[in-house]
Amino acid sequence: MSYVSFHTDRPTDFVAIGRLCIDLNANEINRPMEETMTFTKYVGGSPANISIGMSRLGQKTAFIGKVANDQMGRFIVDYLKRNNIETSNVVTDQTGAVTGLAFTEIKSPADCSILMYRDQVADLLLEPSEVQEELIARSKMLLISGTALAKSPSREAVFLALQYAKKHGTVVAFDIDYRPYTWTSESETAVYYNLAAEKCDIIIGTREEFDTMERFESNAEHADQVTAKKWFDYSAKIVVIKHGKEGSIAYTQDGLSHQAQSFPAKVIKTFGAGDSYAAGFLYGVMQGWTLEKSMEYGSAAASIVISSHSCSDAMPTNPQIQKYMEQCRQGEIATS
Amino acid sequence: MSYVSFHTDRPTDFVAIGRLCIDLNANEINRPMEETMTFTKYVGGSPANISIGMSRLGQKTAFIGKVANDQMGRFIVDYLKRNNIETSNVVTDQTGAVTGLAFTEIKSPADCSILMYRDQVADLLLEPSEVQEELIARSKMLLISGTALAKSPSREAVFLALQYAKKHGTVVAFDIDYRPYTWTSESETAVYYNLAAEKCDIIIGTREEFDTMERFESNAEHADQVTAKKWFDYSAKIVVIKHGKEGSIAYTQDGLSHQAQSFPAKVIKTFGAGDSYAAGFLYGVMQGWTLEKSMEYGSAAASIVISSHSCSDAMPTNPQIQKYMEQCRQGEIATS
Amino acid sequence: MSYVSFHTDRPTDFVAIGRLCIDLNANEINRPMEETMTFTKYVGGSPANISIGMSRLGQKTAFIGKVANDQMGRFIVDYLKRNNIETSNVVTDQTGAVTGLAFTEIKSPADCSILMYRDQVADLLLEPSEVQEELIARSKMLLISGTALAKSPSREAVFLALQYAKKHGTVVAFDIDYRPYTWTSESETAVYYNLAAEKCDIIIGTREEFDTMERFESNAEHADQVTAKKWFDYSAKIVVIKHGKEGSIAYTQDGLSHQAQSFPAKVIKTFGAGDSYAAGFLYGVMQGWTLEKSMEYGSAAASIVISSHSCSDAMPTNPQIQKYMEQCRQGEIATS
Amino acid sequence: MSYVSFHTDRPTDFVAIGRLCIDLNANEINRPMEETMTFTKYVGGSPANISIGMSRLGQKTAFIGKVANDQMGRFIVDYLKRNNIETSNVVTDQTGAVTGLAFTEIKSPADCSILMYRDQVADLLLEPSEVQEELIARSKMLLISGTALAKSPSREAVFLALQYAKKHGTVVAFDIDYRPYTWTSESETAVYYNLAAEKCDIIIGTREEFDTMERFESNAEHADQVTAKKWFDYSAKIVVIKHGKEGSIAYTQDGLSHQAQSFPAKVIKTFGAGDSYAAGFLYGVMQGWTLEKSMEYGSAAASIVISSHSCSDAMPTNPQIQKYMEQCRQGEIATS
């Protein structure tokens, strides 16, 4: 059964709005960052990674965002283009803003952290008037990402994109992607996450992220069913709640819940797991696959990415995912 | 016919959230403010005025807001109390914020302006966590006012109040009250006004205010019917669009529009007309009167206030409105 | 003996740089401000008051400052002009800044306080490039006031004015006028007050103000002699340290200290005492009077102002001071 | 002849105050940064580099500064310690500030630029109260650097350090190091650079940097003699004005000027030239060498650093400088 239906006649499959930044990944890993001497540069940001993933999976993809008018910004736009992502709505900042940075620290596969540079970043300066209604109108799906809600005017740009999506019947997916450092307070987060989620067809987040959104509500036992039901009263068709190692569950309007197996991986780091999962899962949903099959595809994509040094660069193609799933079935890959 | 229904068994009739400030009204009027030497102090702010109006009309009234920890703030709380308004949810700021000021200039009855002090004001510092859900739950109607949406954290406090009202079935009235000086941009205004209005049962604004909200939409001819219809697709039951001297029209979900006569006045200044109109109109709606009768009551209240030196202090009682309407019918009052 | 010498051939006697604001004085006094219903508007700000005082005493006076582009700003400029103060270097802000406000509360003659509005005020936006070197070059004395050092760019404008004064041999007087609310920290205050005082010929402040400046120094016993000696190592010729009711002492480079009698007054409020004292004292110094006589003149001026409702408006003329001193000698005026 | 005399009995030779940051140097050079994929991490910041240089030259060295409470900050402190620099006055920020970053782009040896991250950096948050008077009191020389004057509270910390140096007779050297991106305006720069330079014994800057300081003065022909003379009227004993390829000139109070030969180099990039020059030159001055010999030593140190990939890491020791000078004399090194 298909829970969401798309305008299949539209020329663009997937458009994402939000953060475009630079990951600086430690080359010398399994140690504290103090001892890392060199870093490799990649495009980063959750919606950027998902877009790259969708494009690698053959979807016609576009991006709505803002980059700094510097070498980092130009690198990002160039990388998106080389990945066949339409950048007509990637605006260049003219105010002297910088590109957001994320230095990754990999002390061990299970102990990873990020050192963020998010002051005065270009991506949060996207203006509502810069969002192209026409692009959203010709896209089957719009992805929004939580970090873009953290500050004005980017926050307003996302709300306007949501209004355009509603007007034109574009399916909206929301990757909550909660990162405390850019928000003023948890109250602020809860308010805007709820206002955005009310307007979304597919909502994906961890249990902790949904808890953040329920700050002013009564769900003391953090029950997934309570969480999911709330959103079905608004626009949601699918609510995916991720429980880390215990796996993810997709809840649907018909009261059902859906689960899928996960895949082993020789883990290097945990970064990028959520983004590759989202790409694989949303790809499946767009193909009309069952939620179980879609989740499985997302899980395989995630296992590939966490076995690699980068996030964006490691986003897999269909043959890569299929081969990986096959290898796992053959028992050739075991969790490290 | 009744367009909105209230929880009539609730103990509190009316609660407003938003701006509490001080008006400093020129004593020497009909001249530029440069030549005014003395000013008289009054409580001000659109939702404050409407609350005072509702209380004078015999409604059990409460307020949700924040005042500075200074002489002005204490004066405001004291004035509300003296007007029988519950202040249990009027919080005192502890960060050194000031009370907003509005110096009025009355060059002539038709040429009035305001000099505003809105930097670092206490009313915009109301936190979501300070909004009492219990108060909204026991009130029949919640009034929100546009200026409280202009800045964080007051903006988030209003959105949380709207969420509580929805949860508890409290009828919400929205007085748009657009004042450019506290907003960062017109885009920001349009985005948040729309997000708020989607959740309101009764929306009251001028044609120009609705135009501001339609910044990213197509209503090139500024047609009232287009404006009203949009909101009926969300939560609205009544949309009142004010056209200045040409009078106001109330649109309702059933496709009807409603109008009422206005009253003459010996005008001193135009300030306070909208607030007294809102108080009179909402009072009528809460009594179950027809919209025509409610609008007439609001118009009479407005005529009384614009014939007076102050706004809050001049908010009329039922006997005053009835007497004024009677005098007008007798031809004893003519527009100056 | 004369401790400072002036370029007597210059056309302008006195120029002050700094704060121009509005005092809103309670009309109903001897009560908390909560109970004051009307306020009267006056020009205020320490250097403004001193300038008005100097002009009333017949000195050719000019002002360097910035006013808001509103009714309050225009009132200030007009008032200065009506008091024969040159306003060619009073710049009008174009950024939407407001005029600083000071609401006065007079609970009793001995219990006075001020409620300040100092956010985004025009006077602190004076730019270095707006300071007219030519005006300082043709003036005998420049007065700087501490509040103008509280924020950029006004702070830099004052330091540039000091550089111009040094270059052209203009005598500099510094009225410390420390008001905590506009400063970020006491450390910041101490640093800039010291940098400014190093370049001044005459320094006037209370014992507490000098203590603030000595935050990072060793003068544990708050000894006036230690304080004064420090400044004689820089540029100072006269250091006046005010001890409230115990009177003021002027220290001079030759190691002497100078004192004068004070005058009785029927005190209404304490505001303006320091400003009128400074005007009277500096006037005497400019006439070549002894410091004792100059201090006496300042004291008489102060007694007149604190017996009046306003500050600026009450600044006395020479005949008024002389008459007041004569009346005191005759025993016609006794402290209330 | 010796132009400055030091308290030779003090235990610490050299203490610097100011910027501590991270350089991220392009590994793949001679191309635009867009095409650089990996970066190597070094300690950076002009006063940090000079301190490292002084320590390498055998001077007992200390630092006054502030680092972020993160991996970058800990790396900086560790690196200073490993270079025998006392870090008792290197404070760790507790407000969530970040470490300043400088990504270097080396398009060619003659075409180098820097991409800076200077928002909310820890080094500019040094508080006056955090400066240890005792450390300055026991040091022979204090070096201040212009970038630390760019913002409060670091600016005030530097001015307090200057006051301590004056009090204790510590010789002060000022490396102007003007970098426009951290300043609000050129007027602000000029004002504070002048206030600081007035209190310094040795001032080192480029002709363009001195021009910036003379923004409000008349030196239309940018004459070195005019520039130098101004500072001899304050505290300066030596003023070094750098003219790029045309070499540097040291002016002294006695009216003399001093020059020295420069050395060839196989240039990789221009970064670090000024810092290594300052270290070599100040080292010579502290040894009591002639200015000519000191300048020569600085020039040789600079040639070594610009022939290397890093700045801080390449700061030479005495044997390295002596060997380099000898090699140049032998004609073994020619400019690339």
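Lettered A, B, C and D in written order, each chain numbered from 1.
As a convention for this text, a residue touches a chain if its C-beta (ideal position, glycine included) is under 8 Å from a C-beta of that chain, and two chains touch if they have at least 3 such contacts.
In this text the structure is predicted, and so the values were computed from the model without any measurement.
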* Asked: Within the chain touch network, how many edges lie on the shortest path between chain A and chain D?
  -> 1
* Going by C-alpha centroids, which chain is farthest from chain B? Tell me that one. => D
* Just how far, in Å, is the C-alpha centre of chain D from the one of chain C? -> 42
* Please work out the Cα centroid separation of chain A and chain C, and write it as a whole number of Å. => 61
* Structure fact -> CA centroids of chain B and chain C: separation to the nearest Å works out as 44
* Structure fact -> Among all residues of chain D, those touching at least two other chains are none
* Which word fits the touch map of the chains here: line, ring, star, complete or other? -> ring
* Structure fact -> Chain pairs satisfying touch are A-B, A-D, B-C, C-D
* Asked: In the complex formed with chain D, which residues of chain C make contact?
  -> 127-129, 133, 152-153, 156, 159-160, 163, 184-185, 187-188, 190-192, 194-195, 216
* Structure fact -> In the complex, chain C touches chain B at residues 24, 27, 32-34, 36-41, 70-72, 74-75, 78, 98, 101, 103, 105, 115, 117, 119-120
